[in-house]
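For reference, the structures are reproduced in the following blocks.
One chain, subunit A, appears in both complexes that follow, with subunit B as partner in the first and subunit C in the second.
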Partner chain A sequence: MSYYFAIIGTQDNPLFEYDFGTSKQGGDGMARFTEQARQLNQFIIHSSLDIVEEVQWTNGQMYLKLIDRFFTSYISCFLTASNIKFLLLHQPPSTSSSSSALPHPSSSGSSSTSTLVQSSHHPPTSASTSSLSVIPSLSTLTGGSNSSTPTLIGGGGTSSRTSTSIAANPTSPQTEEAIRNFFAEVYENYVKAIMSPFYKTNMEIRSPVFRARVAAAGRKYL
Partner chain B sequence: MSNHLPAGGNGGGGRAGDSGLRYPSNGKTIYHRPLNRTKTAELSKAAFAYLFAEMVSYAQRRVTGIQELEKRLNLQGHPIGLKLLDLLLFREPPRSQLRPLNIIALLHFIKINVWTHLFGRQADRLEKSSNPDTPDEFMIIDNEPLVNAYISVPKEMSQLNCAAFAAGIIEGVCDGAGFPARVTAHTVGDTAGEGGEMWPGRTVFLVKFQPEVLEREALIGAKS
Partner chain C sequence: MSASKASRLGEETRIEKVNAELVVLTYGTIVAQICKDFENDYAEVNKQLDKMGYNIGLRLIEDYLAKSNTMRRCSNFRETAEMIAKVGFKIFLNVTPTITNWTSDNKQFSLVFDENPLADFVELPDDGRAQEQLWFSNILCGVLRGALEMVQMQVETHFISDVLRGNDTTEMRVTLVRYIDDELPPEDD
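Moving on, here comes the complex of A and B:
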């Protein structure tokens, strides 16, 4: 499960963006987007702004829930009082797009350098052994041999273990609730950010503390 | 953007230096402080009066007329309104955390929530312009605005109403909520209205919404 979170200002300008992966079910909190998908995400988010504008005057709630879908990408939206949009793109791990979803060593190595949740750099070997250690039962099922390719075990492990989790069911009420909690926590920190007398509307949020807080909220709920 | 770059310091606990950010000596940033205030945490009126007097005299520098002075006071209030909107809605209990979707809801929010937060009481009245030519004008009436409590306007500047500052706050709230408007403050205490002589400082905040707001209002009204 990979997430891409963006805060969009009133002029449809990006104020903040952050991508991360799930931390539940032994996930390592890394986004599994390919380089291509990373760039595509921004377009998907931008196109769903139109849907936000349609919904925003018919629903007074701040949390607008799931508003858009683009193939396997689901977009949830939260709209603050001053019309700042929080958009979360979530992509469940799927078998059809296995090349992008599977944590094969090369992609995990590249994402650990580009995603900045963990400051230490994970070599590909340690990432693959950690994914093995969280699913010992599965590795015994497949013969108990550590020599089998870690990509296969990792992929099978996530799909079978997370069938009831928020990652596999982007439309379930549990997912909705988890994202609501995530948005609520980010909103609190966003309000704190704009309370700064030096912050003006539509300014980019650069604070590293804010980024760390968003990362913590992501680890906690998603 | 920045989180795609492998530059350090963005994701971690935030070390000073690489972001140019200075941390307070106790390590507590604004993110560590709660947003909810306790009921009794009020500012002293004297401190506000002193600060506001300084703000007025600051705005008075290098202005040529009363209009410009009021515009400056208005501009000082505008960012406060923008921020108050988010803060006050955040403090609402989750069930009533609703974004204002129409003019009436917005004006009620200003009359009740914003006024109570700023001045410790609600605004006195809310009126819609009775003139059919100006359906875009609404009035928020305050019998004795707190901001004017210790201000006596000199005779030659009788047009001035320093509540232009509060008008700027209202304008900020309206703009932030997606209802762009012009808000001006007018003294009506000396005109003979009902109770006009009882409240010599009575101030009307005239809220004039942009035409697109009314257009959208009509569309939403037709749909629901």
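Moving on, here comes the complex of A and C:
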């Protein structure tokens, strides 16, 4: 399981980012994102800001739970009172452990958008042929993330992951609760960090103390 | 006056409480603003804080004498230190710094702050200079200097370490320069 945590300011500007891996089930706490995914994560997070805006007025909660999903990346959100967004992208180990699997979502993602564009402009025959090529790759991806078999396949690199772990079930209540706890602790430390008189609103959080505390919260709950 | 009596005096003195975070944030904002005004010339910021503290100290001694009910002169500088730490700081900041590192001539001591209420939440700017130059709580130096000057003691005060800078302790050095003699007002004629 790999995580990418970002704090987004009121102007949709990034204030803080941190990536880490799970420390449960013998994880070493290192993120297993590929180089490509690392760059992609920022775009995924940024795109889910739209969803945050949609969801944030629907209930009075600060913790908005799972709000978005991009292939096998799941995004949970926590809103502070001053409209600062905590976004956590979490990715089950099936994709992160096998490095060859990740270029697929991004490539098929671009092709799926191109089909959408094509279908709006071109006659339905060409669209149907190109969308046919996308559907299988999508179904294999979704099938791969839902079943627990990929954890067994990917078990060569990261062993002893069970299907009951937080990592394997991004949508389970346990995961939701763990992330809630993580956000709560980060929020507490975030408040302390911004109470520093030298911190201005929407300024990048550079405090090494804060970074260490986020890391500790990640180790503790995720 | 014995040490235990001094600390009891500090405890007994009833004082109106004010929200600590209000004080912390107010003081922090002042420091941050001074830093901004002097364009991060931290030596100058220290000087300004000291000056502000001095002006506070000149008045605060009156408040201290009224609240602490100690209408008696300290017999020596050691006793003065005791009263500063256990009564003065207790009344105004609700902390009791430890008095250590006396020099043999009894004219110099250190106040070690286990906790510094002014510095809660504070992280010094990471511009590479603040950590070396800024004494965040420098106002306290001025307060002591001002207050003691009003009771005929000229002292020199400065911080020598601060946890905000990564030191293990927050330590202020107080040096007695001289007792100021009562100067007679100039003759009328």
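Basically, the second predicted complex is superposed on the first by the 158 of 222 C-alpha atoms of A that agree within 3 Å, B and C clash if a C-alpha of one lies under 4 Å from a C-alpha of the other, contacts with A are read in each partner's own complex, and residues count from 1 in each chain.
Assume contacts are C-beta pairs under 8 Å (C-beta built on N, C-alpha and C of every residue); 3 or more make two chains touch, one makes a residue touch a chain.
The structure presented is a predicted model; accordingly, all values stated were derived computationally and were not measured.
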Clash or fit, subunit B versus subunit C on superposed subunit A: clash
Subunit A residues touched by each partner, larger count belonging to subunit B or subunit C: B
Subunit B versus subunit C as contact partner of A:219, first or second or both or neither: neither
Subunit B versus subunit C as contact partner of A:211, first or second or both or neither: first
Which of subunit B and subunit C A:196 touches, first, second, both or neither: both
First, second, both or neither for A:17, with subunit B first and subunit C second: first
First (subunit B), second (subunit C), both or neither touched by A:46: neither
Contacts of A:65 with subunit B and subunit C, given as first, second, both or neither: neither
From 38-46, 92-100, 110-118 or 164-172, the subunit C stretch with C-alpha clashes against subunit B: 164-172
Doubly contacted residues of subunit A, that is, touched by subunit B and again by subunit C: 192-193, 195-196, 206-207, 209
Subunit C-touching residues of subunit A, taken from the complex the two chains share: 192-193, 195-199, 206-207, 209
Subunit A contact footprint on subunit B (complex, rising order): 1-6, 8-15, 19, 21, 29-31, 33, 35, 79, 82-83, 85-87, 89-90, 97-101, 105, 176-178, 216, 220, 223-224
Residues of subunit A touching subunit B in the complex: 14, 17-19, 38, 56-58, 60-62, 79-83, 113-119, 187-196, 200-201, 206-213, 215
Touching residues on subunit C, where the partner in the complex is subunit A: 21, 24-25, 27-29, 31-32, 35, 120-126
